[in-house]
């Protein structure tokens, strides 16, 4: 029971409390580059999710056999392997998506989030916890990618997952699918998360003082 | 405008790695609070990029032609080793710079701008000279962006007027957005005349 | 640009406040009647305070030394009246703080005459001359109150070629130097000649702003043929009277940062100082009184007055007809670099060139707005510093950067930046904060 | 916890260089095996995807064409090529059901508004006309510059277009056979496409064989390989 | 004297201040903008006035909403929000849907100013941030120019619903810059001078803009180096190009009087907050803008480059300031 609780906690941590994008601000380059539509965000998110999960499992399984000195190199080799797998699989199964994402699939290797999780979590925890962590972080990343992609697609093209939302006369906000729009949208979303955090802290403080009074 | 010239201008201004491709954002957002450090990091990046372009060209021409499936992994390994060597050199020659860059030196190894450079250059089918000019443009573009960014952030920190809520990444991203918007002015440069 | 500046006899940058001198520039110098109680603070000059040599109850004569120099950078003090010492106590100072001061009660029945003891200056050696000046208690009367003799102690290897007499009087409202140049022309030239000969300078240059044509004419008329004196009219601009600015205007030379005028072979003295020296050697009268301009829209009858040092500010103002109801602020010195007075009973000091009563019109401040980086302060700063940056850095408490990159310690606090700021930012205040902080940090390190 | 013990143990005894190299070697080996496996498993599909994409593009720019073959310039002569070869960029010849030559599909690229635009266009040498155009890759502004392939009216400009004098993009309605209508708000992109086609023509038109002397369609067992026709 | 002492004020020196204050400066800019604005409304009709109002409304609303409660009056009192909205409005096409103009005002003050910490803290010119945002967001609406027309006709595109496209029902006409860039057609100088051409609603009349600039210069609110530097550089650069090929490149007079050149050089680039402090820096800034404008106009993808040139040089301003510190009096004399 306790273990269940812990694993669930790790998952929620990654998804929300320590969301890799909105809280830790990691893995920005694939995030911003491909989120000009929700579907691209979804594909990229799933690809990263798969790489993260696979690498986490491998690293956590073999952590005791990997000497400290070469661990980074090993992690990179493992990650690169999974990325290559994803790359070829996508190219074979979904050529259209693969073309859209282009060079950013191989660049998953350079996503600091994944290497960071290997280094900070998977290489120090049990398989079970690592999987929970990978699920949480992967889901958090996916969530960020899809929500960013959705916002940019809704305003930028007036569609969501390719379905038109506003009718024929919609004036698209072209900037949203251009690079500046990516920067600004993410900036505003981070602002929103900061604001939530501050609000929560305020409430916590209030509760604490009320407790003190009582 | 010759082809090489256009490649240079294009990667430097129009398709700036940071502002148009979102490559190298970690150092761009992380290190850009000090002008001096940013500039040196930029120089280091230019250097690493040129080296990367050489490596990528060599690998593409002599090794990967027989084994395209090893492209990603060999890029990573070769670039990582080269960066490692450069790190060691910096550590020896300039301990101050080494200290200033701090935790970002290991991150250069997995800097997406560098891997991205190798992959883009390969995808575009660039030869040796084109690749080198491409790397130079990309590196200088990165330096230009990070130096401008550092100048602005230093200034803004002096003013110290920002609402607390927005400090940090949110603010840096929005500045980057405006800078990226300004760089849009270069779009189409030398392509219509 | 530089050529243009040379032709106009001025320095670069600076500001152009309205000079407001019309109230008093035509008024002859009058003598303020002696009051009852005189307060002589021991530390009214730059450097170490003087050491009292009288006690409560002692009878003193007018012009008698009552305190001796407390070191080389220090001067003697003299009694401005014949009377009796009532004590050596802390007394209120113009800025509201308390300082040790000798208090003298004037003898009501004395005529306050002084015996005349001319001093044969020609036979004095340079060292003896310097010590005479120190004994006379003479300090720079332009406002800074820097002991005058220190300037004359030229180290070996330095040579003075020009004696520059500062008659710029760039502070608005003040006309005491102006009137002295008109009325005491002979004394000025006599004193200048003494100093020139003692320092071995080749020529005397008197720099006067162009808004005092009568002074320029009086000086030019008084110069005898063959005398190595020339009068140089200068552009009307603040701070023309700042030592280094004046040197730049007259000779076109910049005094290097951290150096003194003597490093460019110039000695600079204020008009009043030179006249005080002349009077000392002619009559033996030490520095016991000075000419003060009482002016400003808050004063009923503005005047130029000879004020015995130690007289309270209230007496000076009362003589000038008292303060009007609109007065909001009384300033000791000029309106640019002078300080607000907290207590009207504080004494007049050697460095007090003026007493100004200002009304709402001059002292009102709009609310402080954010800096809009308009650059007016940068264009005003005669030292080519970057005041806008100072204000910004000081607010962010980045004092070290202010000193290292932007040379805040070179600032002389002339006030041009604050004067010119449309956003009403007290830049000089920020600079003072930074300098204080830096000085205390430096002290800690040592 | 057990993890802590493991770590302590690792710190305690310094591993030998042989073990380090061995670990890396094993990691490399495993990864190599996985990569090669996935490569082999997906190789055929990817190749087919690419070939299909190319075929679709060629058929799009050459109307009424059902067969194609790749041509390479060798010593000034166009030759049919089946293999993947480095060097010269290929062009494609299209044929109808009766193996009659219908035109060339010529790839060309050049700077656009944002990045390089890669164009494939159909060219009929018999009357020296461009007969179709398709954008292979571009990063033009979405909603504006991307009309060069999303706007059917613009693409239709190239269905029957004289190449002499060089193609010109105009904003006032085309009036001459060599003119195309520029897209409102995306003049630069439109001009760029015209320029890219002119560039292709400059290079190829003089090198193509006389009309009528085109290489004949060669039936082969395996479909012609057309791998690197485009850079991804 | 028996009279009681007046309550004396203690404040640090200098006691004198010059009379110019920041709100007065802002007010001066309003006056300077008025003639060109009225001309714009005269040429493009009441619709232009509505566009202007929408911009100002957006700007002021954001300024008011985000100002700290106790400072609200004061924040608006300095008049910068109105000025930002106004300047933005002058750079917009006269037939722009009102919701877009409003959004531009919101972005200009919100992203261009408020998040930086209010007036004086921003690096980029807020009005231009708003315009750059609009141009990147609605590229077609932002480049649809209407010809000067009837005063009382209001284009129905103005009243497009939020998020919807406006349909322009008045006569559209390419701006002089567009005609030059894409068709190499010159526009008569007289039209450029008085503003009887299509274009942004406030930038068509060169004469009135110059008059406004002269007024600001006379009031000493304007650093003359910036307009002189920008226009001088642009004239020299375009003259060189013009002499190389007069058919292909616009001449210097056209360069100066067309598009946003004058509005930008006189009212945008001179925004003190976003231009360098030092004199040397100001020259670099101005020359940089002049070069970039001609570069973008002649060789770039946009007919107009003023906005981008100013924004780019704004970004470089902190660096320029840092490296053009004036030589402190009495220092580095040997290098003089």
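When the chains are written out, they are named A, B, C, D and E in that same order, and each has its own residue count from 1.
In this section, a contact is a pair of C-beta atoms (placed from the backbone, for glycine too) under 8 Å apart; a residue touches a chain by one contact, two chains touch by 3 or more.
It should be emphasised that the depicted structure is a prediction, and the values quoted were computed from it without experimental measurement.
S.K.: Starting from the defined contact criterion, work out which chains touch subunit A and subunit D both, please.
M.R.: B, E
S.K.: Give the chains in contact with both subunit B and subunit E, ordered by label.
M.R.: A, C, D
S.K.: Any idea which chain sits dead centre by C-alpha averages?
M.R.: The most central chain here turns out to be E.
S.K.: With contacts counted as defined, which of the two, D-E or A-B, has more C-beta pairs across the interface?
M.R.: A-B
S.K.: With centres defined by CA atoms only, which chain is the most remote from subunit B?
M.R.: Between subunit B and every other chain, the largest centroid distance is to C.
S.K.: Measuring from the mean C-alpha position of subunit B to the mean C-alpha position of subunit D, what distance in angstrom results?
M.R.: Once rounded, the distance between the two centres reads 28 Å.
S.K.: Roughly how far is subunit B from subunit C, going centre to centre by Cα mean, in whole Å?
M.R.: 60
S.K.: Can you give the whole-Å distance between the Cα centres of subunit C and subunit E?
M.R.: 48
S.K.: Measure off the straight-line distance from the CA centroid of subunit A to the CA centroid of subunit E, and report it in whole Å.
M.R.: It comes to 41 Å between the two C-alpha centres.
S.K.: Hunt down the residues of subunit E that sit against at least two other chains at once, touch-wise.
M.R.: Those would be 111, 118, 120-121, 133, 136, 139, 301, 321.
S.K.: What parts of subunit B, by residue number, touch at least two of the other chains?
M.R.: Where subunit B meets two or more other chains at a single residue, that happens at 20, 69, 73, 123, 159-161, 166, 171, 174, 177-178, 181, 184, 187-188, 190-192.
S.K.: Could you list the positions in subunit D whose residues touch two or more of the other chains?
M.R.: 31, 35, 38-39, 113, 141, 143-144, 187-188, 232
S.K.: Which two-chain combinations qualify as touching?
M.R.: Chains touch in the following pairs: A-B, A-D, A-E, B-C, B-D, B-E, C-E, D-E.
S.K.: What does subunit B use to touch subunit E in their complex?
M.R.: Within the complex, subunit B touches subunit E at residues 35, 147-148, 151-152, 154-156, 159-163, 166, 171, 174-175, 177-179, 181-193.
S.K.: Name, in rising order, each residue of subunit B that touches subunit D in their complex.
M.R.: Residues 6, 10, 14-15, 20, 65, 69-70, 73, 123-125, 187-188, 190-192.
S.K.: For a test of understanding, state which residues of subunit E touch subunit D in their complex under the given definition.
M.R.: So the residues of subunit E in touch with subunit D come to 139-140, 143, 174, 181-183, 301.
S.K.: Which of the residues in subunit E come into contact with subunit B in the complex?
M.R.: Contacts found on subunit E: 111-112, 115-118, 120-121, 123-124, 129, 132-133, 136, 292, 295-296, 298-302, 305, 307-309, 311-312, 314-319, 321-322.
S.K.: Which of the residues in subunit C end up touching subunit E in this complex?
M.R.: Residues 15, 17, 96, 172, 244, 248, 254-259, 314, 318, 322-323, 325, 327-331, 335-342, 344, 356, 358, 362-363, 365-367, 369-375, 378-379, 382-386, 388-389, 405-407, 410, 415-416, 418-424, 426, 428-429, 432.
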